[in-house]
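Structures follow.
Next come two complexes, and both contain subunit A; in the first it sits with subunit B, in the second with subunit C.
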Partner chain A sequence: MNLILIPIVLPLVSAFALLCMSERTKYLKEVLAVGAALVSLLAAANIFLLPPTALSYSWLGSGISFTLKTDNLSAFLLLAVSLFSAAISVYSFSLPAKGPAKWFLFNLLMTQAFAAGVALADNMVAMLFFWEGLLVFLYTFIALSQPTHAAKRTAMKAFLINAVTDLCLLAGVVITGYIAGTFSMSEISHNKLTLDYSWSIFAYVLLLVGAVSKAGAFPFHTWIPDAATDSSAPFMAYVPAAIDKLLGIYFLTRASVYLFALDGKMQLVLMTLGAVTILVAVMMAFVQKDYKRLLSYHAVSQTGYMILGIGTLNPIGIAGGLFHMINNAVFKSCLFMTAGAVERQTGTNDLSKLGGLFRSMPVTGVCFLIAAVSISGIAPLNGFFSKELIYKGTLETGYKVFFLAAEIGSFLTLASFLKLGHAAFFGKRPENLKETKEAPFSMLLPMLALAGICAAFGFGARLPLEWFISPSLTALNIQHGVLSGFHPDKLYFISVIVILAAVINHMVGLSAGGGKACKASDHIHYAPVLKETYALAERRAFDLYEQTMDHAVPFASKLLYRADRFLDWATDTLPSGAAGFFSGAFSRFHNGSYPLYMALTLAGTVIYILLAASNGGLR
Partner chain B sequence: MDKGLLAYLLIPLFAAVIIPFAARCRRKLADIIAAVTLLAGLANLAWLVLRPSVINGGFADIPGDGLSLLLVATIYLIGLCVTFFSAWFMDEELPNRPAYYSLILVSVAAMTGVVTTSDFFTLYVFIEVLAVTTFALITTDESAGGIEGALKYFFLTFPASALIIAGLAVLLLTLGSLSFENLRIFMASDIPSGPVTFGAALMLLGFLIKSGVVPFHAWTPDAYQGAYAPVSAHLAGIVTKISGVYAIVKLATLLRFFDGRAQGLSGMLMFLGMLSIAVGALAALRQKDFKRMLAFSSISQVGYIVLAAGLGTPLAIMGAVFHLVNHATFKTVLFLNSASLERSAGTTDMDKLGGLEHSMPWTSWTSVVALLSTAGVPPLSGFWSKLLIILALWESGFKTYAVLALLFSIVTLAYFMVMQRKVFFGLKTRAAENSPEVSAPLLAPVVLLSAVIVALGLLFPYFYTYVRVVTERIIL
Partner chain C sequence: MDLPIQMLTTAVAVPVFGAFLIPLAGRVSTTARNAFAVLLGLFTFVAAASLFSTVTGGETADYALSFPLGLDFILSADMLSVFMASISAFVSAIILIYSLDYISHYENQTEYYTMVVLFLGSMMGLVFSASLLWMYVFWEMTGFASWRLVGFFRSDRDVAKANKTILVTVFGALCMLIGIVMIYFDYGTLDLRALHGQSISYAAAALILTGILAKSATLPFSTWLPDAGVAPSTVTALLHAAVLVKIGVYAYARIFGVTFAAPDGFSNAVLYLAGASALVSAGAALIETDIKRIIAYSTVSQIAFIFLGLASGNRTAFAGALLYILMHSVAKGGLFLCAGIIEQNTHTKDINKMGGLFSSMPVTGTAFALCSLSVMGIPPFGGFFSKFLVFSGAAQNGSLPVLLMFLAGAVMTLLYLVRLFYKIFLGDPAGHKSPREGSYTMVASVMALALIGLALGALIYYPSAYTELLTANLGVNLQ
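Presenting the complex of A and B:
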């Protein structure tokens, strides 16, 4: 078999093999899943090391060919996808809270296969096929993760939001393919589309909607916080934290710099979208009281940085966006894993019930610290370097306001992680958590691995930039200079200022909240104007999906119901009523009266003869 | 007159004369002679047409124009079924029993005369003979309803005869001859048609009245409902079709409706056909009496034939002829079933009947076959004829008519479904408690005709070949 097919076909086959296994077998399914994921990871690494190749089958008649292509960006993405699949399959090995093991692993492997397909597909139609496949498993993933009604509801929410935006993507792909005359992305890139006329703007915006919604940007993010509470930690660590970000940002990059040549206006749109996503989500994250929910808002917020980075359209910004994409996946996945470990060991994710866990769960705590420092952008961990690149790219465009927004986002990120870490791992330990033990090895191993990557990409930031990001930019045909290096310049000092500000803010919050870490955000949460805004947000007044479901959908369904009744009336009541009326009239008329019949016959005869005379002959 | 088919006219006439003498000592002999005569004729016809060599030759060897032969066969078939049915249905002691069979045979002879003749005057004579015998047949059981129906039939159809005579006179004056051939030659020429068309229009009007097309239909429900039960089958199944509808189809081909001569007349005919379809179907929806519903259904189905005849294209004529044959089979089945119901349950009032499917399964299921054929459900024969008609309408650009014809065949299905549910399905009513299935001889004709319906539907390709031969011969 061709090497390229292994990351797609092997998980697919393993997933169906899993379904054939009895639910009672112990660890057999897990072993199979881990094995498949590890072999895929090896294959992906091998593909990454080999020079770019392509595999092409003719498909759907002429014009559309099923092409898998391993250029540097795709291979890099495939490697990342496989890495997280392997990490999660190991992580979930002895985690009971993931739902039925069979279905969890089935969904995991299917998602891996389809994600690998998206990463490798060069033809947009083939990519769309894999992309839509992911949607199906997104639904089953959430719906089967917990046996509650809320899980089904959230699954439906996720499904509907993504289905609508996937339809946008579908339309965008069709229009793009129509304009360009081909669906092959590498062919389009030779002759990039420009946004000179309205159809191409429309196509790009549709692609943009599909991509950023997959990545979970504002305003398509609302299912992620719900899924954080209604589904399992490994799902969160896998799909919204890693796979969705990777694929969404990957395709955003492809669309924005590979397929289309954007202009200043669209650049502004992208950067605004990024900045708004950063601020809105981080504001929400800051006040959360639930471990996973807080993380989920950060997952949204970090997307904003990537979009902002890509939106700058200069090599440094794009490099930052891509670097932040992989960094975010690493540390966010790691953070969700710590959340899952805490939940498994203590039985809760509520910050007010947690505290002082560092002593009983030191490894988890260290992993959390590394990942949290990393996400907050503190040197010298990996988050600092990718954010620094994004800041640089933003400043290079000249729009200082976006730089400011990104720094505010950093400040709130750090503040909320101070609160989270303080509330969960430090402070006073509640009585009922005295007996808490460290999580099992199978959960610690992937956490440690990811935390190690955080540290490695930070201290040796040059390596990932040279190995992954720089070849990716080359694959996107972007000329760029040297990207790496730690510079104690202005940006570094600004980040120090931000760190100090966040620490001070945490102190203020602590003293205002009576020393309780979980209330360290209350001074902002209940500040005059913000209080009302937050209250509205809690009631989901800003959630487009809920608003649609609560207001537009009942109205539309009532309207459609009315229309349906009208059609019923028109096809049912009206004809039968009319037929009944006529048949009643006719049967009453045939009352057996001879004179009446005779009169009718005579009248008919007279009219007939007159007509025949005028029409036929005697003229 | 087609001399080859003369025997089919003379032999029943001869049998009709013999019956009163033969039946004087042995009353049963009347049934036997009548049935045997018709059966022999039918067997002869079958040999003429259904030999493998003839079928393989695409029916090129059949004598005459083919239409006569087809219709003679239908007449004999229905006549045989009615006779056979009557033999077991009729009260043994009925005083005018021999006369009844004589009349049936005379009407068969007259109908044969109508369909084999080749000039209008002979046609008229036979139609009058048919009218008189029909008048007598309706009153067979001497009930009040029978007399009333007979009188209505008489009084409403004698103006028709007068109109036909008037039309004949006009034709004779302008054309100088009454043979079909002359009219055909005249219409094929370029001479302005004027008075000839008018004369033909008067004759058409007479035939329209006789075939019971709206608005000249008022006599049919009363006559069919009041007539002696097997007679209604005879009347509705074949007599009115031959005395009226056949002549209309014949005139339509002679007047060359298909090439736009006499276009006004064609339009009027189509309109009246459509009106019949609509009024008949809608009126049938609300009927409470089985036989009366069948009568209205007859009006509606005649409408289809008239509509197609009015259109006059070869395809439409094919449909019209085929529908004429189909209508004879399925309407006879339904009327004979209504007679069985009358015998078994004592009433044909649908409100009093119900749940008869268990006690009378044969009657019930033959009714289903017949009604599905009437409504035009594939693969039964009625489907093909309606399809031909609707296709012909669509092809010629009469799309509104085509759609309406289709819609009203749904109404047809509706009223027959209502009938089937009220009479045969559902809960048993008191009248249905003591109603056993009728005896096998009474079922035999119905089952035979149902088999014909199914066979004509399934073997449609062969039949289509035959009808096409007929159409080619009578139109070109």
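Presenting the complex of A and C:
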């Protein structure tokens, strides 16, 4: 078999083999899943090292072929997807809280196969096929992770939000394909589309909606925090933290710089979307009191940085966006893994019930610290370098306001991780957690690996930039200079100021909250104006999905139903009523009276003669 | 006669005449009657499908019986008619197998089987007819059979709904007859092969369209279809999902797609009408609480997508619409049959009285979910490809309002199907006693349809290559 097909076909076949196994077999399913994921990872690494190749089959009629292509960006993405699949399959080995193991692993492998397909597809229809195909597994992943109704409801929410935006993507793809005359992305890139006329703007916006919704940006993010509480930690670490971000940002990049040549207006739209996502989500994250829910809002907020980076449209910003894409997946996935480990060992994710876990779970604690420092953008870990590139790119566009928004985001990110780390791993340990032990080795291993990547991509930031990001930019036909290098310049000092501000804020919050770390955000949470806003947000007043489902959909469908009832009246009640009326009226004349019949006949004859006479007489 | 021509004539004659032998077989024994009916269905399918090899080789099989005044009885098997006949006969055969258990609790079974097979036979006649007059004759025969079948239960309400069905469709058919007469006076023949590529007047086109819309339950004649949901679920699956409503669509493809060159303004009007139909019926599907009415409204809204493809005026859309017919027949047939299992085992059609059925009916639930996904157009199911091609064609057509209407229609399709699935299978159980799973043959039938939907997606190359070839060979006035 062709090497390119292995990362798609192997997980697919293994997933169906899993379904045939009994739920009672011990470790057989896990071993199969881990094996498939590792082999796929090796294949992906091999593909990455080989020069780009392509593979094509005739598929949907003659116009649309099934084309896979391993250019540098695709190969990089495939490697990332396979890495996270392998990490999660190892991580879930001895985690009971993931629903039925068989179905969990089935969903995992299917998601991997389809995500690999998205990464490799060159034809937009093939990409759409894999992209939309993920929907089914997104649903079953969440719905089966817990036996509660809330899980089913959240699964439906996730499914509907993504299905609707996937339809937008479908519409975008068909219009793009029609304007360009081909569905092949590499062919379109030779002759990029411009936003000169309304159809191409419409097409790009639809593609944008599909991409940012997959990445989980505002306002399509609202299922992610719900899933944090209603599904399992490995799901969160795998799909919303890693796979969705990778695919969404990947396609956003393709659409924005590879397929279309954007103009200044669209650049502003993208950067605004990024900044709004950063701020809205981080404000929500800051006040959360649940470990996973807090992380989930950060998963949204970090997407904003990537969109902001891509939206700058300059090489530095795009490089920052792509670098942040992989960095975020690494540390966010690692953070969700620590959440899963804490949940497994203590039975809760509620910050008010946790505390002082560092001594009993030192490895988890260290991993958490590394990942938290990374996500907060503190030098010299990987998050610092990618954020620095994004800041530079933003400043280069001249719009300082977006830079400011990004820095405020950084401040709140660090503040909320101070709160989270303090509440979970430090401070006083509650009585019932005295016996807590460290998580099993199979969970620690992937956590350590990801934390190691955080450190390696930080201290050796040149390596990933030269190996992954720079070739990706080349694959996107972007000319660029040297990307790496640590400079103690103004940006670095601003980041130091942000760190100090966050620490001071934490101190203030602590003293205001009576020394309890989980209340360290209350001074902002319950500040005037903000308090009411947060209360509204808790009631889901800003949740586009809930508002639409509660108000817009019932209203529109009632209106349409009225139209339907009217048509029913017009085709059923009205004709039968009319027929009844006329037959009733005519039957009144048919009463058997001879004089009446004669009178009617005579009257009819007279009318006929008059009519005939007025038309020229009888002839 | 050649073998293909024999197959063509038997595909029509065997079910039409065989239907009248079913009462005789019923005299022998119930088993004999049931076996005979299923055999007739299977035989029809085999006969129709055997013609594939002929038509893909680029030939047609024709059979003619001459009548005076140019009103010959002509059967012709080309790519379009064989495609349509095979789908109809296949779904009908599955429905007959499913009926064995489903219908066994009711009275008038002999009439039921007779009418189903007669319906199948008239459908074959309609599809293979290459003369507008004989198409009309078979058209009315299907109407008659569906009238008896919708009124299968004999309460006043059922009979009233059955009368509504036939009155609306016959009204449309009579309008169509006037249109056909106008064509006859214009060209002196009703042989579709001779009329290939001719132009058609607006008046005749509008009259024929009235008949098509009435039969295919499209705005403004859509409401008879949900009302006909009083019939047994097998009947609704056969008539209202898979076969009968496709007659109108087929006639549109046959008359305006591969025979006459439809005027542009006419096609545009059809697009807007279909868009409105998609939206209105989807809205109704979100309000209704009767499981079968919801699925019926869903049919109305999906039929509109087929019209979108057929009327968009380009090859991509036309081929997509034909694929849509295939995917929708399979998936929607499956949904109605699932509804039959649910209805029979819960003794209600109200989705508010269901809830949480997945735990006691897992196979039905899975089949229902898979069929719904295909109707929604989610990959890797076959429905994805047909929806994609239809949208692709609509984009080429270049009308933004139409595209937006159908995008909204597709979104609403997602909403009502997810709502339906959630209300029936998930959610809180509403006071039922965890009904049993359906019988083996019934569950196997629905699962077969669901898996075929999946297989059609995996092997999309073959059906799409077929419809593309069909469009290239037969299409008239397509971009």
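Keep in mind that, in the parts below, the second predicted complex is superposed on the first by the 556 of 619 C-alpha atoms of A that agree within 3 Å, B and C clash if a C-alpha of one lies under 4 Å from a C-alpha of the other, contacts with A are read in each partner's own complex, and residues count from 1 in each chain.
As a convention for this text, contacts are C-beta pairs under 8 Å (C-beta built on N, C-alpha and C of every residue); 3 or more make two chains touch, one makes a residue touch a chain.
Because the structure is a prediction, the values reported are computed rather than measured.
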Which of subunit B and subunit C A:Ile478 touches, first, second, both or neither: neither
Which superposed partner A:Leu560 touches (first subunit B, second subunit C, both, neither): second
On subunit A, which partner's contacts cover more residues, subunit B's or subunit C's? C
Applying the touch criterion given at the start, work out whether A:Gly604 contacts subunit B, subunit C, both or neither, answering first, second, both or neither. first
Could you look at A:Ser583 and tell me whether it touches subunit B, subunit C, both or neither (first, second, both, neither)? first
Touching partner for A:Ala612 - first (subunit B), second (subunit C), both, neither: first
Which superposed partner A:Tyr178 touches (first subunit B, second subunit C, both, neither): second
Could you tell me if A:Gly592 is touching subunit B, subunit C, both of them or neither one (first, second, both, neither)? first
Contacts from subunit A onto subunit B in the complex sit at residues 579-580, 582-584, 586-587, 590, 592, 594, 596-598, 600-605, 608-609, 611-619
Which of the residues in subunit A come into contact with subunit C in the complex? 58-63, 125, 128-130, 132-133, 135-136, 149, 152, 156, 159-160, 163-164, 167-168, 170-171, 174-175, 177-178, 199, 202, 553-554, 556-561, 563-564, 567-568, 570-572
Residues of subunit C defined as touching subunit A within the complex: 164, 168, 219-224, 279-284, 286-287, 297, 316, 319, 373, 376, 378-380, 384-385, 387-389, 391-392, 394-396, 400, 403, 407, 410-412, 414-415, 418, 422, 426-428, 460-461, 464-465, 467-468
So, in the complex, the side of subunit B touching subunit A is made of residues 148, 152, 155-156, 159, 163, 193-202, 205, 208-209, 215-216, 218-219, 221-222, 262, 264-265, 267-268, 279, 282-287, 411, 414
